[in-house]
């Protein structure tokens, strides 16, 4: 069980060693990175199979031998283990295979992996901040090295927003520390009803929400999303939209549950979620560029997730997890389809005849995204609607109205694309696509004519996601049970506390040989 | 419009934060964590400098993360500045490298003299980090400065990046390996190790804190090499001016 | 004590404003360095020697050096304005 | 005469707000980077303040204090460690930002945030093949920038 | 395995088979067999139509604490019967000459996809009709929507595509309204099972019921195309490829009525609905819905008058006839409900027949534009006959079946004391008669155009289903008791007293209707008239179609006299322009609003300074928190306190 620490440590080790090893052999260095990812997956699967009790019992892992709250601990429960598994898997899936880049890019990918795992596992407020910063800097760097100078500019704007956000988060942590004098989440949670249930606590929540919200595509601090996703490769966009945003959301939710019991905190998050849904979908409706549309759709979906998590009680938790997991599957798949479809949607005219299977895949994915029964997306939306209607209060009523409207708008623009794809007359594209550079970088500088092709790997991912969606439909019963237990475990404060502090212990002296 | 909005938000925020600050305690914060660590650190990790104990022992993984952040930043800077639009041999950039004048003889000599001294000071600060104020970070910065000063006074000097790469990789790995060493003994990751060789001295002496000085050494070397790397990378960028805007093709091929 | 603190804080705030308004970029970077120095003094006054050392070394020294080098590369290194 | 904590808190918050105001009002990206540094410094000061004790001494045990450890009041070491971390993180962000600025300057030829944004939007639109957005600020420079790029492509052949 | 399982499983397997085999030539025959077999399976459940117990599916799904189940009762069976019969006739129609031509004009794939769309529509409708709780109802509902969308989107034409998109946006909006209502129902009653929801409804107060009814009515109403959601339907159905339009026009929109009856009449109960007063009006909610029905009868019918394309005219009628059904159901007594439900059957028969005739005309002439048609009666007499039979049914004139259901509705309105609604319904019928005359005149009467002189009668494969439907129209018109049996069973299923009837018609204390007598009298009258005409007068002669005068001039055979433009110019002038297109303008305004807001949001995302947003949100959030905390008035004091501390 202690091996879980290796999920963070081994990628870091690999990241440090890769440039060194690459000096003698680049192949070995690359293999090193990949093998660390496989080892990580192996470790998690091993934990999963070895201790079947993880389903029922969470574990707290002490780092440095100092029991919390003095030391830092990792908290492993179902949801963090799930995401810890998702991190290496998705990094592996969206590994920048085809790009002949420097070894340092792989190194950055490993750092991203480590920080993502650390973020989801960590049980210490400041440790979360450190991993969050590491995640941020790794992603700024990864965005900035995508070749084009526009990526650098987008990344710089992202960096400004992210840094100001994390400064705000640090401010929130400082306020919490002045109130409680501790940083361990379980300990904070123990003290929260007494110490943080006031205006200062709420203020620190607002600050932390803003800081983490930058990565989580929370409403006002997400203006980086279209710029960054528009200028990076689909692989990275898929990773960022699919995985990193969800990690930040889950951490926010964990903090919310453990630290901030106030209803105002929920309302604030819900309000921002609603605004995110509304603006995201509205702008996506206008967008004429495929990737830009996906980015704004992602903003909208994240808004839905925030709205769902702002519903108190089990229903909201279930809805939030369901939408988050669903989006985590679908959006990367859509970005993978975007590998061949970058550029204006008008250029997609007649695509359906050239690649009917891909279009069919696209339709299945967006149907699920829209929440058309019986695809999994529907059940998530259904939970959200039921949860919203179960609450009184302005925010939730507003959500009841906005969410369906947003879905209608989303449907309108997504099916506009489908109709364009099935159009017969593709003789005259409305705009020229001569400047598109696709992921495979098949660029001929002579007349900048581009061959756009889906990467086979991306298609395979999209197809397997679609298959997974259908498999979930066939296994609705177990899936919903699993969801319920995830939600229960995530929303149980006392469970968290009692896991980290099995007995109220006096801080045990470390035996010194 | 934007200025008005900016002033409005900043002013509002100033007011609100001041109000928030008026609720904050001053000088009597609840120090649960601090008190506990102050009480236990001398006994548990044998460091006189409790900040070092917090950094390396109690919150060791924070420090690891921090080192990774520096590493990431250095790698990112290296990759961004490695683009050919920023290389001195790039077509769009004139040969501006040599525009910086060689410093005078006195400066050069002085720097050459002062460099070993700085190195010694840096290592001293690192090694005594767990005993007195200072430690890996401060010492690392001094090391980086010491390394970089000769480059500064001799513009155009080509630095072999290999040394820095090697050093930063090995120092970072060293930190992790010390942590993994504990796991090898079935202890949690990063647990300080005290055995007959390490950490037998009395509190306040150099060999008192188990494996912590090793960690601090790793931190110092890591910070030093990263910062030196940063400085060197930036120093290799040619001077840009309005006239030599590079429209170098955007496809990054290395 | 309070006088020292007040003066240091005032210097710090004044140079922070100077960073934003000084037309000369070199002066701005220098002012940023002064902010860091003042901050380091404050840290020292508040009995945080480790932080004070770090702030002085990194904030006032290395970071200023880095920025100044950047300034030179950006073509903004103009002593006369 | 206000109490000392008012001075310190005002200093910390004032520093942050000055940094933030700079970020909001300035257009020069380099100066924005400086403002970001100031903003971070302000929050660091606030964090140190949170661990300050009225009669506290530095959390370093001097050899002569060894005999009566429990008698001395020390400042909280944890915020100090946190601030150390934060300072180092700050310098990392700063270096990264500087590198980006250098690259932007090299290829866009400007340090003005508004112009950078315009260029960025223009580039994104051109990449996606969507029609060029009409620039509110400097349509001329945009058009010329694009032309320059195209002509440069030709030159390279 | 119950019979319902068999039916659903069979249809599902058949869909798979048709999807797989869609490119083969035998697919048309195969699908006919499929529908015959499915109808046989349905008939095995015919006990339902005569008051039998509901048939439950043995297949259930347990998800998120809900048990999804499927069942058939008399109402579902009645609708399923209509669906399958119409599908059978459509498949028959498609299997012959029309299908061959479609294959040739488009492709094998296109024809196969049409068959796929048809079976998917049938399957989804059966799933919807079989739903046993609100969640499975919603699932079925969405399936129907998307199956319809697929059918509509098969036409590659630009107008059709646009209509399909419009449809699916409307449908999504409706579905979202229903989802909202279902979520609220769940929270109010604690269950989604029909029986438990029905019990739970008793505990709800009027305002809750009002919200639920409005949401459900909007959701289901959009599918039915009631005012003000009628804009999508006509174009979408008219532009569906020929045979598809037959099916869609006949039954697709009626699924909305089914769900409406199920939820609002059966589960919520019209007495509860009637108890809700709408403020500032003299109406209660039931009346309001009835008025919606009446307006839906009138407005689309008069829009139909203006159409210059046969398909559009029929499609607009489809919208209008839905209003009658809603009106009938909303009267809520045994006669009115019977009229409403029976009208579904009658409407399906004649609408299918009418679309078939129009498709046959298109098949032969290549157009359905009135300006390019006319005088086809000499070339296509049988088609003409079918159309006449159907429009008699559509206009509600004896002895065809449309008369019976309309009579029931009128009768109920009169008995219920709703003179205004009665007048509205009569106005609607007037419009119907005028526009069906336009249809038959402009297509078949007048002078034959030169280019159509070689047109022949529709091929046999198309005539057979048309004639079959015509026979059904006439037979159920003479013997409405056959259908009324099923209607009465459905009424029992939804908890309304069944209508008293016999084979020939309705038995009422206030005076019933016996269609056998009516028909007998009519034919007797015709016979007497004919006898008088032929034998006593006998002064008639055949005049050739071209033997015509206009303005005192003889028209040569080169000039075809065919009056189609501005057919009802006078009437249109009377109606006046001020409210024409009012709904289109409304829709446009809505789209503009969305567009405006979208632009607004986009400007937000183009903010030049990223940190501005962070600062803004932090400030606003802190402000919100500090004021929500109740410390707003204390803010300034707090500051002062901080200063003086």
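Going by the order they are written in, the chains are A, B, C, D and E; count residues from 1 in each one.
Keep in mind that, in the parts below, contacts are C-beta pairs under 8 Å (C-beta built on N, C-alpha and C of every residue); 3 or more make two chains touch, one makes a residue touch a chain.
Keep in mind it's a predicted model, so treat the numbers as computed, not measured.
K.L.:
Counting one step per pair of touching chains, how few steps separate chain B from chain E?
P.N.:
Step count on the best path from chain B to chain E: 1.
K.L.:
Going by the touch criterion stated earlier, list every chain that contacts chain C and also contacts chain D.
P.N.:
Under the touch definition, chain C and chain D have B as mutual neighbours.
K.L.:
Of the chains present, which has its C-alpha mean closest to the combined C-alpha mean?
P.N.:
Chain A is the most central one.
K.L.:
Could you put a whole-Å number on the gap between the CA centroids of chain B and chain C?
P.N.:
Each chain's C-alpha centroid was found; their separation is 19 Å.
K.L.:
When the centre of a chain is set as the mean of its C-alpha atoms, what distance in Å lies between chain C and chain E?
P.N.:
Centres of chain C and chain E (C-alpha means) sit 76 Å apart.
K.L.:
Taking the mean of the CA coordinates per chain, how far is chain B from chain D in Å?
P.N.:
Distance between chain centres, rounded to whole Å: 17 Å.
K.L.:
Where the centres are mean C-alpha positions, what is the separation of chain A from chain B, in Å?
P.N.:
That gives a centre separation of 29 Å.
K.L.:
Could you list the positions in chain E whose residues touch two or more of the other chains?
P.N.:
Within chain E, the residues that touch at least two other chains are 606, 608-609, 611-612, 615-616, 618, 622, 626, 642-643, 645.
K.L.:
Counting only residues that touch at least two other chains, what does the list for chain C look like?
P.N.:
49-50, 54, 58, 62, 66, 70, 73-75
K.L.:
Which chain B residues sit where two or more other chains touch them?
P.N.:
Within chain B, residues 2, 5-6, 9-10, 13, 17-18, 20-24, 29, 31, 33-34, 37, 49, 51, 59, 62, 65-66, 69, 72-73, 76, 80, 85, 133, 137, 227, 230, 234, 237, 240, 242, 249 contact more than one other chain.
K.L.:
Taking all chains into account, which pairs touch?
P.N.:
Touching chain pairs, listed by label, come out as A-B, A-D, A-E, B-C, B-D, B-E, C-D, D-E.
K.L.:
Which residues, counting only chain D, touch chain B once they are in their complex?
P.N.:
Counting only chain D, the residues touching chain B are 5, 8-10, 12-14, 16-17, 20-21, 24-25, 46, 49-54, 58-63, 66, 69, 74-82, 84-85, 87-89, 91-93, 95-96, 98-100, 102-103, 105-109, 148-149, 152-153, 156.
K.L.:
For chain B, which residues are in contact with chain D within the complex?
P.N.:
Interface residues on chain B, with respect to chain D: 2-3, 5-7, 9-10, 13-14, 17-18, 21-22, 24, 26-29, 31, 33-34, 37-38, 41-42, 48-51, 53-55, 59, 62-63, 65-66, 69-70, 72-74, 76-77, 80-81, 83, 85-86, 92-93, 132-133, 137, 203-204, 223, 227, 230, 233-234, 237, 240, 242, 245-249.
K.L.:
Touching chain B in the complex: which residues of chain A?
P.N.:
Answer in residue numbers: 2, 5-6, 8-9, 12-13, 15-20, 23, 61-66, 69-72, 100-102, 104-105, 107-108, 111, 114-115, 118, 124, 126-127, 130-131, 133-134, 137-138, 140-141, 144-150, 152, 175, 177-184, 187, 195, 199-200, 203, 437, 441, 443, 445, 507, 509-510, 512-513.
K.L.:
Within the complex, which stretch of chain B touches chain E?
P.N.:
Contact set of chain B toward chain E: 2, 5-6, 9-10, 12-13, 15-23.
K.L.:
Given the complex with chain D, which residues does chain A contribute to the contact?
P.N.:
So the residues of chain A touching chain D come out as 126, 130, 133, 137, 140-141, 144, 148-150, 152-157, 159-160, 163-164, 167, 170-171, 173-174, 177-178, 181, 183, 226-227, 230-231, 288-292, 342-344, 347, 431-437, 445-446, 448.
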